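Listed below are the structures to be examined.
Look for chain A in each of the two complexes below; its partner is chain B in the first and chain C in the second.
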Partner chain A sequence: MRVLDRSWQDRGVLLNSLPLLTLLTLFFIGPILLTLLLTFQEMRSYQLQWVWSLRVWSEVFSKYSYWVVIGRTVSMAFLSTFLCILIAYPAAYALATRLKNYASHIQILIIFSFLTDAVLKTFGWVLVLDRNGIGNWLLQHLGLGDEALNFLFTPRATLLGVVYNLSVYPLFTIYLSLKRIDRDLILAAYDAGASKWQTFREVTLPLSRPGLYAGAVLVFVLTLGTFLESKVLGGGKSPLAPELIRQTFETRVNWPLGAALTVVLVAIATIVLAVAVRLVQRTRQEQAAKGAEA
Partner chain B sequence: MRNPLTNRLLDIGLSGWMIALLVFLYIPIVTLAFFSFADSRVLTFPVQGFTLNWYRELFERPDFLPALRTSALVAVATMLVSTVLGTCGAILWMRYRFRFKQALQALTFLPVLFPQLLLGVMLLLWFSVLGTVFDFRLGIPTLIIGHVIYVTPFVMIIVAVQLYGFDDTVEDAARDAGASDWRVLVEITLPMIWPGISAAMIMAFLLSWGNFYLSYSLNGSMRTLPIFIYSGITVGSSPIYPALATLNFIPAMGLVVLADFLRRRALRRDTGAAKEES
Partner chain C sequence: MSQPIIDSRSISKNYGSFRALTDISLTIRKGEFIALVGPSGCGKTSFLKILAGFEQASSGELFIEDREMSDVPAAARPTRMVFQKLALFPHKTVEENISFPLRIAKVPAAERAERVRGMMDLMHLRHEYLTHYPAQLSGGEQQRVALARALVSRPGVLLLDEPMSALDAKLKKSLQAELKKLHRELGTSFVLVTHDLEEAMMLADRICVMVGGRIVQLGVPLDIYRRPANRFVAGFIGETNFLPVSVASTADGLSVRPLRGDQTAALLGADRVSPEAHGDAGLLLIRPEDGEILSGAPSPGMWTIAGTVDEKFTKGSSTQYRIRTEALDVPFVLESSGFDTAHIPVGAPVSVGFHPAKSYLLGDRP
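And now, the complex of A and B:
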């Protein structure tokens, strides 16, 4: 398709952009701005008061327990990002280079499991991990352990659920960037006498970095917003930030405080996102520079 | 290259890793399907026998069919609205270059990168404040709006991929033959990018159908299926949820296969046309 240079006031541009822009202004930018404004208000006897004060923010920054929960959430996000990439990279590499004949079938299977209701899948893990569930039964009958493992309702079960629900994102982003690598570059490296490992480290890995970063950011940011896994698999014993936010709204009915905690989480996500965008841009520039040299 | 044995081991290792991941992805899904037929009220292993009772019990639950109806209504409405908006966005993105384009692109993609629960919470605050001013409550319309915000970027990606291979000289030919802009759109452009649009529609339907986080904040007194399941399993497990899961799998699998078939056929046709030209 040809790309047409147009003024932003062109009829075609306006016709295609205005509906989307209106929707996003009304129901995306609007709510974000309102949330920011709400953090400067107060709640008195379950009624929102437009008073413009900093009380909520001073509460957020003075209460140690909030930051424990936020810290736990961020470390959970780092851990799940690391594990998801560790799991997804070799799989994406295998899908792009080894299993070519079955790639489309495997893709359908992955997409189906991805689109299946997350609540149901998480509940499925409860049935597997239960003290009297299939997992423990298998472990005992394979002779791997005599004692039933108490895995369910621990932070590790939460981590398992998060990794399970999110590992598909980096799988796809890494797969797409691996598919875009020019096969000739790899063959050229072999011709120049590089070993498989050298070729992977010097050619394939750097060229797949955009997909790697994109997948990592997606997992990190989406982990910041999970409370299904910590509630259903973690048993709610060590709550993450979303659970705290949910409680602030539902149990304590404190909108300004909930809004402030939401802003803190979104700020963390934005910083990570900005760093990742910088990294991708720098990789692109480096690669362009290398290409110019060659 | 020099050592065939290590190469072979590498091949097996990598393929094995992918297959292990696939098994990992299907552990809870297979487990649910299995327990939906197990003849026991407590969901533990091993099981005594097999039964279809749980399916009957599911349909006898008074709140099941209303939740099913809400889910279907919201998913169909989300599918229609987000497909129109997403197709507009994809055309805008692939066809034009204009000032503010990058800013607009970033804005349209941001909802995917936003933690869904937080997006839901912000929309909840927005609707609550607006609701006190304009006097309305949370319900099906707010659910649809939330889902549309989240689903539209996915539609844009899928349709944009289809547009990439679209040969727009055909449009010029139709215009030269005297067709109006509207007729070009309806008779040339839409039929040619239809496979991408229909694949995107299926994806949009399924994303809305299975959405939990946004529905959780925006449902008001209405229940969608994921909310029905969530409120059930946090109270106590029952075999009706595996039964519901199994009923959910079959049409979803059919739709995923159909979407993939449409996409593939369209790609084949595009590359086929390109070959004929050259």
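And now, the complex of A and C:
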């Protein structure tokens, strides 16, 4: 904590963080500032005019349709986060407990599939979900009805693709958190009379929270920027914010508007990130014990 | 005191092809303080885990409070464990840690708070620690919180898995004293696992020495010290002299005579002979405090060994001499509390005397 207090006066700290600072400024803060700058300009007959106005912002805030898209994107992000966690947590739990002996083999398999290009995997889902695709063929042969899968090119297919592509992130963050939990803590809870469920709720879940939050944030932010899945599986009927931004830049050639929509999206991501950091910090403080005990 | 609380009937435990425990039969009485002692890997911790319900015995039966335990999970057993690394919940405050078993048992909040505070007082923990997290406490305080959490639900048996091994010597001593006092006040049965026989001797009513997954000796501390089952147990605590002797049976009992030196044979009473000693050779166990450096003539029945002082350690209340002799390959260790011998310098020739009839005969195999 003391380091934090005097960091701005300490030349050493400043000097040490200079490379990182430069990198961040050049590739992150700079572009964002430029984007922000762009939002106060105007496009006239496909030419960027360097005027200072709030026209774009007033358009963003007055046009309902933009907020429908942004709202759809944010709810998609919440939904995919929820589903990813729902899938990843039990999987990570199994990997850290029951399947402990096979953990490294399973991890290699997961990493292989993770490293396979997302475009390929997403197009793969088209083959599965298509009206005459593998999914329906299989369901038909199992006697589960003709064309039971008929949601290709709807937002639900986008969600499926997003969850499929992103659930590996929380799987690993949660797994790492679970791995760090001392087995004796679980035994101590059993010993104190707790049932398996009580032990999970009182000990395992709270102690795996850092991984849970980290994974959730990753999925949330990555879903906000999702582009591929909505294009390949969503059918373009109900676009998400990234698609809207792309159209604004490329089709409408309205850079300031595109920049403004980008800023809104980045702002939402930042707020969520800030809340998550807060939550993680709180659990960190509680958990400082781990290190002190060892 | 006489009622058994734990009754282990020939319990064995295999881990794959490795046999961790063989035929452990042990009855622990209500209110007793028993210590399971042995070198690492002797199975003492495995046995404790079986008592706690964390592991299942491969064969044998376990009764706790007259109930067969094979189908009873850890959560439902009347045992509570203090873990070696304490296993305090790092995300819970001291109060939440201690009250955890009560909350699980659905004890009302008011009673919970009262009992937690009672435990804090019993453990000499300041009430302001209630809102602290375990990491904010010192090692000794964490130890007390762990004990409080284990005892708050008034278990029939408290299991302690080397809880003091990580503490420094001084803190250890004071906690040992408190543990003994706690045991006397609560009347709970304590089962302590330790590799430190000295700690076991200090604390326990009975000591169970385990080696290689078997019980080697079970007895009161003084018995373990004075009448150890074999050479290993004898050497497990303190320092010991083993004098090789020849053994002969006579009408009056066993007669022993040192292999080297010309001493008169001494008769040993039946209580001075280990059951495992047989044949015509053995080892006479002589504790350091049994020997004395003779300044005059030996008293009747005494054996004497001549030697020179090799090393001398002043311990304050006593002086330890290591005396090189003809009769032994290793120096004879002698502890003298007398002030009259304190001036004997290193290198001085001395005569060591001891009463063979007061020593203990062991088999000559290790």
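Definition applied: the second predicted complex is superposed on the first by the 258 of 294 C-alpha atoms of A that agree within 3 Å, B and C clash if a C-alpha of one lies under 4 Å from a C-alpha of the other, contacts with A are read in each partner's own complex, and residues count from 1 in each chain.
Everything below uses one rule, namely that a contact is a pair of C-beta atoms (placed from the backbone, for glycine too) under 8 Å apart; a residue touches a chain by one contact, two chains touch by 3 or more.
Bear in mind that the values here come from a model prediction, so they are computed numbers and not experimental data.
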item	value
A:68 touches, of chain B and chain C: first, second, both or neither?	neither
Per-residue touch tally on chain A - higher for chain B or for chain C	B
Touching partner for A:190 - first (chain B), second (chain C), both, neither	both
Partner chain(s) touched by A:203 [first = chain B, second = chain C, both, neither]	second
Partner chain(s) touched by A:12 [first = chain B, second = chain C, both, neither]	first
Which of chain B and chain C A:182 touches, first, second, both or neither	second
Where chain A meets both chain C and chain B, residue numbers	190, 195
Chain C partner contacts - residues on chain A that touch it in the complex	182, 184-185, 187-195, 198, 202-203, 206-207, 283, 286-294
Interfacial residue positions of chain C with respect to chain A in the complex	52-54, 73-76, 79-81, 83-92, 100-101, 104-105, 133-136, 142, 149, 153
Touching residues (chain side chain A, partner chain B) in the complex	1-8, 10, 12-13, 15-17, 19-21, 23-24, 27-32, 34-35, 38, 48, 87-88, 90-91, 93-95, 97-99, 104, 106-113, 115-128, 130, 132-134, 137, 164, 167-168, 171, 190, 195-196, 217-218, 221-222, 224-228, 231-232, 242, 245-246, 249, 255, 258-259, 262, 265-266, 269, 273
Chain B residues touching chain A - in the complex, by the definition given at the top	1, 7, 10-11, 14-15, 17-18, 21-22, 24-29, 31-32, 35, 42-46, 84-85, 88-89, 91-92, 94-100, 104, 107-108, 110-111, 113-119, 121-126, 128-129, 145-146, 148-149, 152, 163-168, 203, 206-207, 209-210, 212-213, 225-226, 229-230, 233-234, 237, 241-242, 244-245, 248-249, 252-253, 256-257, 260, 264
